[in-house]
Amino acid sequence: MTSPLRVGIVGASGYGGGELLRLLLQHPKVEVALATSNKFAGKNVRAAHPNLRGVDLTFATHDAAETTDLDALFLAGPHGTSAPKIRAYLKTARRVFDLAADHRLADASQYPRFYEGWTHPDPELLSERVYGIAEFHREKIRSARLVAGAGCIATSAAFALRPLARRGLIDPDHVVVDSKIGSSAAGAEHSPGSHHPERSGAVRPYSPAGHRHTAEIQQETGVKVSLSAHAVELVRGILSTCHVWLKEDLDEKAIWKVFREDYGAEPMVQIVKERSGLYRLPEPKLVIGTNNVAVGFERDPLSKRLVVLSAIDNLVRGTAGAAVQNMNVAFGYPETEGLPRFALHP
Amino acid sequence: MTSPLRVGIVGASGYGGGELLRLLLQHPKVEVALATSNKFAGKNVRAAHPNLRGVDLTFATHDAAETTDLDALFLAGPHGTSAPKIRAYLKTARRVFDLAADHRLADASQYPRFYEGWTHPDPELLSERVYGIAEFHREKIRSARLVAGAGCIATSAAFALRPLARRGLIDPDHVVVDSKIGSSAAGAEHSPGSHHPERSGAVRPYSPAGHRHTAEIQQETGVKVSLSAHAVELVRGILSTCHVWLKEDLDEKAIWKVFREDYGAEPMVQIVKERSGLYRLPEPKLVIGTNNVAVGFERDPLSKRLVVLSAIDNLVRGTAGAAVQNMNVAFGYPETEGLPRFALHP
Amino acid sequence: MTSPLRVGIVGASGYGGGELLRLLLQHPKVEVALATSNKFAGKNVRAAHPNLRGVDLTFATHDAAETTDLDALFLAGPHGTSAPKIRAYLKTARRVFDLAADHRLADASQYPRFYEGWTHPDPELLSERVYGIAEFHREKIRSARLVAGAGCIATSAAFALRPLARRGLIDPDHVVVDSKIGSSAAGAEHSPGSHHPERSGAVRPYSPAGHRHTAEIQQETGVKVSLSAHAVELVRGILSTCHVWLKEDLDEKAIWKVFREDYGAEPMVQIVKERSGLYRLPEPKLVIGTNNVAVGFERDPLSKRLVVLSAIDNLVRGTAGAAVQNMNVAFGYPETEGLPRFALHP
Amino acid sequence: MTSPLRVGIVGASGYGGGELLRLLLQHPKVEVALATSNKFAGKNVRAAHPNLRGVDLTFATHDAAETTDLDALFLAGPHGTSAPKIRAYLKTARRVFDLAADHRLADASQYPRFYEGWTHPDPELLSERVYGIAEFHREKIRSARLVAGAGCIATSAAFALRPLARRGLIDPDHVVVDSKIGSSAAGAEHSPGSHHPERSGAVRPYSPAGHRHTAEIQQETGVKVSLSAHAVELVRGILSTCHVWLKEDLDEKAIWKVFREDYGAEPMVQIVKERSGLYRLPEPKLVIGTNNVAVGFERDPLSKRLVVLSAIDNLVRGTAGAAVQNMNVAFGYPETEGLPRFALHP
């Protein structure tokens, strides 16, 4: 029996960090050696994560990550906090999994455009890092020192669009991604927009155009994406409804084949397209708490439009779970290790 | 002082009928003379509508509508129940407002296609009836004997698309309407899909393509519409996110002008496009309980896409309130009479 | 025709102030002459109240209330802001309606105990002010210069308990009030506890004992009250479940008689106790947006316990609507004027 | 390595049965050999449980349970279906865990009173069966052939009251249990009361007195219980607020000691009583998906009232999880085996 992986989390007091803790503390091959938070330093992790009551783990300050030898280090702080420190972290940790946006884009020139003028401080590293969706880049993740966690909306949209897009089956100029998202995606800090009386019952088009994740989706699919994001009454979960036009009039069977070729052997991607029942197509409810991606589609009988639907839990598959999956790949563990298989129902 | 209008409602026990009762009972120019329900006949209206406690009104059977002289008769039963009786109703009532789908489409040939083979029994009447959106057909409604209530999703989408479409400003082949809808739109009858543990927290693509209301939207806008409808966690309300591509690269000001020309003088249409605050764009929350339509838009800085948003209360503007507005127009009352101006907040 | 009442609101940017505006702007006998907010001074009221879009009214600063002659002045600021200014307000306004807690308690000695040591600066005024529940103190309100708005939980509990308590029918030492409350009761300011991901789905015992409103309920009922308040998933509404023990084994009919005697003639109190249907007993859902109080009860067949239930909308009957009702009483208008009769359903 | 337990579930298509499947399919020591449902016989379990997509298991008919040798058989059908078959099941299965109400009460004479006249067909068995709360009856469960699953509300209330009650510390005649419950507790069948537009936003006193679980709580605590149950906006979860009066004026420390003595060593009971933070006291949110019971309390500074709070997930600790825990006890496995330790947050 081998000794467990020693892992650490920088920025472990947010929702992404909490979810990493929840998963890693129950992962059979892992020992959580470090969890940092400058705000909660010296306090037990339950101060930030009341669901982790009973865990014997205390927050350290961020700088501890630069002096602690680890097998895997997860960066769960906000955008802009990873890049300046990344060379230091790569010295203390064998593998680094950056959940922030700092290394998602391979092309440094995209950052200022989509991140309000932000310039990447270390573009050289971008050619080396791997985009953290194992189903797309598994081989590279096995040996990557730096894996960039994918954005949550980007993950849901990329899974829906990529099989069709990379085969050149869709009109690349008319791709609408209409996403519906839970409140946890905005993070653990309260704000006017997260005030319950205002957020409750919302169907709020908070980012109707120009969302940052557009860049990632375009990177992973090669098509031009028109993304609109809506906040809906939900804590966890994303549904992305992708409206595309087929170049040729493919029938349902042919489309099935495309998705099955790409995802048929994937243990954590479900092609959901039932003939009956309530849950005939993907829904966030049935993936909450899991690392599963549910993908399905419906042909418009009135036109060449195809509607592709994709549902994930933004904190698991959209953040922490995908990082754990990448860690499993990087260290040669079974890819589903430590990742719950079934959502709750109801 | 003139005597009040004598009005009646056929099929008054459903959610649409209840909403009509709520509005008409408080309308200063109206006396509710008849409310029918075969299921609840002989019982007080509160048996179906617990919010109407204290009202002295008893359900009659449907056939009473064929023998009661009325100024206005509202038909609030399900699709297929109005058409067979409509000639009889037009004899007893001066004006008929049909809230079912039976007279929405001017072109009888569209019915079998969108209503699963249903054939309209009296196509002649379709040329006479008026589509019940007063902002589009006010003059005709003034003198129409039969006004067809618009579908709820159709109403929200048509208000968003019509100003641009009728000016020929948008690509007519790539029009996506992505609608998010509350549970009351499915009616008062319980079903597996309305079971709370299953419906709660849903983001359910229940009609991703081929929705019936597509036909109405196309009729009122002249463009080809790709509609997808999603059930979200909400009892009342619809947000329609309309993704269109502009033929020319119009700037924001030019688009403002288009909407202002069509809606600037309308008391119940709000153009919502703020620079700051939480409610910068239309949201169902802020129209619930009112007959208001909120319309707004955002230009995609990355392409010629324009996102037009439209929010209504499906039971008021989408059903009962629009019918009351049409009644006001038909009888020469102020158009806002009896229609609450402000939604609750929060 | 008489000229409308000139009314003003100090602290009009919170939820209580917004609700007052919504009601007063639609009240047929009222002109809103003043709405103050230091935070929003100079801005249109829609900056704070997005549902009031289209209203031509600008926030003034608070001090304007000391120089504007008004028929009625409503004080809607937080606890502790009314008392220091009250003498000034009583000079400029004929009648003052204080919605804060500053004048709720007749006995000044209760304040330090229930309001964390706060001492009332002007105890003399307490003997003059009237507690603002018209059903209990209608005659005094007619002529009162200063009416103290009742607390929202206190209102719901007092309506449930008072008929039995003032007749001496219940054990005065074992009175449990278990209240369930929506998020709007905590006000318009965001906080960690109002952050949607934390507040959503909550059943949170936020004040299990010692709640401030205990003092008011005891004042109005004369019995010792054990109050526990819970935050539940709801924006508006309160249900108070009052568990009492009857001294004598009264049957249902006898209890009905008690409630009918006190409330049978009240237009805004509903005794809800049905034999069938979903809404057999009071529920917040059916009073939202109205000034109605729903009261009902159930005898425990296993003991002498009686469960009395009471539902209100915390922002209408619990705050703004009760103040409008009191204004109506004070100025001799019909008591229900400007107060919506029916809640939405569903 | 020993071979896994062969287990079966009768009535596996409801919410309790689905939850059992979710837990047992992931239990490392168990093989699910049988799942019955007459309605879904011959279909894959995902027909009833869409979260179990990908599981290779088909529903059998109920009678298969009478002919299949099993180590453990779980009965998850409705009340009244277990008792008539129990002798047959005890022949084919080594241990039977009845989740219905049929064997909860040791005293057969209580059944007609609390179960609308229902008479237990086999009272003899009641003396042998064990009430299925392991923390109360662990030793007996080790060797019991028949373990009766506790009711969900009863479980939450009994954990709150028992430590105080069995020490004689509370007034046994004034014990109020005010419970707030999610919609899943009413089961998988849709009904007028579960229709989303009616159930959403409910704070509904659906059983203000005389609830069946009263009998169980009295059995396990020895005090007379006044129970009221409310449906709140929640799918899963129960909070029971227990209002009791202390005989002596115990301080907080003394009460802590009582709870710590009973629960301090229990891995799945949490005493929750924090000085700060949002989650200072038990809340359903933080136990959803787990078998944990959270218990906490607050002393009323104004009287001898003590408020004891208890939160569980009705489908896990209130049904399926407790049964798995009992199975673990009965077969000598670690008691927490197969039971998730952490809830999701947020």
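General remarks:
Think of it as A, B, C and D in the order they're written, each chain with its own count starting at 1.
Here, a residue touches a chain if its C-beta (ideal position, glycine included) is under 8 Å from a C-beta of that chain, and two chains touch if they have at least 3 such contacts.
This is a predicted model, so every value here is computed, not measured.
More contacting C-beta pairs link the chains of A-D than the other of the two pairs A-C and A-D. Farthest chain from chain C (centres taken as the mean of C-alpha atoms): A.
Centre-to-centre separation of chain A and chain C, using mean CA positions: 46 Å. If you average the CA atoms of chain C and of chain D, the two centres end up 39 Å from each other.
The geometric centre of chain A is 36 Å away from that of chain D, both derived from CA atoms. Residue positions 15, 184, 188, 192, 197, 200-201, 233, 235, 278, 346 of chain B are each in touch with at least two other chains. Contact residues of chain B toward chain C in the complex are 15, 18, 22, 25-26, 47, 49-54, 184, 188, 235-236, 270, 272, 277-279, 286, 288-289, 340-346. In the complex of the two chains, the chain B residues touching chain A come out as 174, 176, 178, 180, 192-193, 197-198, 200-205, 208-210, 214, 224, 226, 228, 230, 232-234, 237, 239, 241, 243, 245, 278, 281-285, 298-303, 305, 307, 309, 311, 346.
Residues 15, 182-184, 188-192, 194-197, 199-201, 233, 235 of chain C are the ones that touch chain A when the two sit in their complex.
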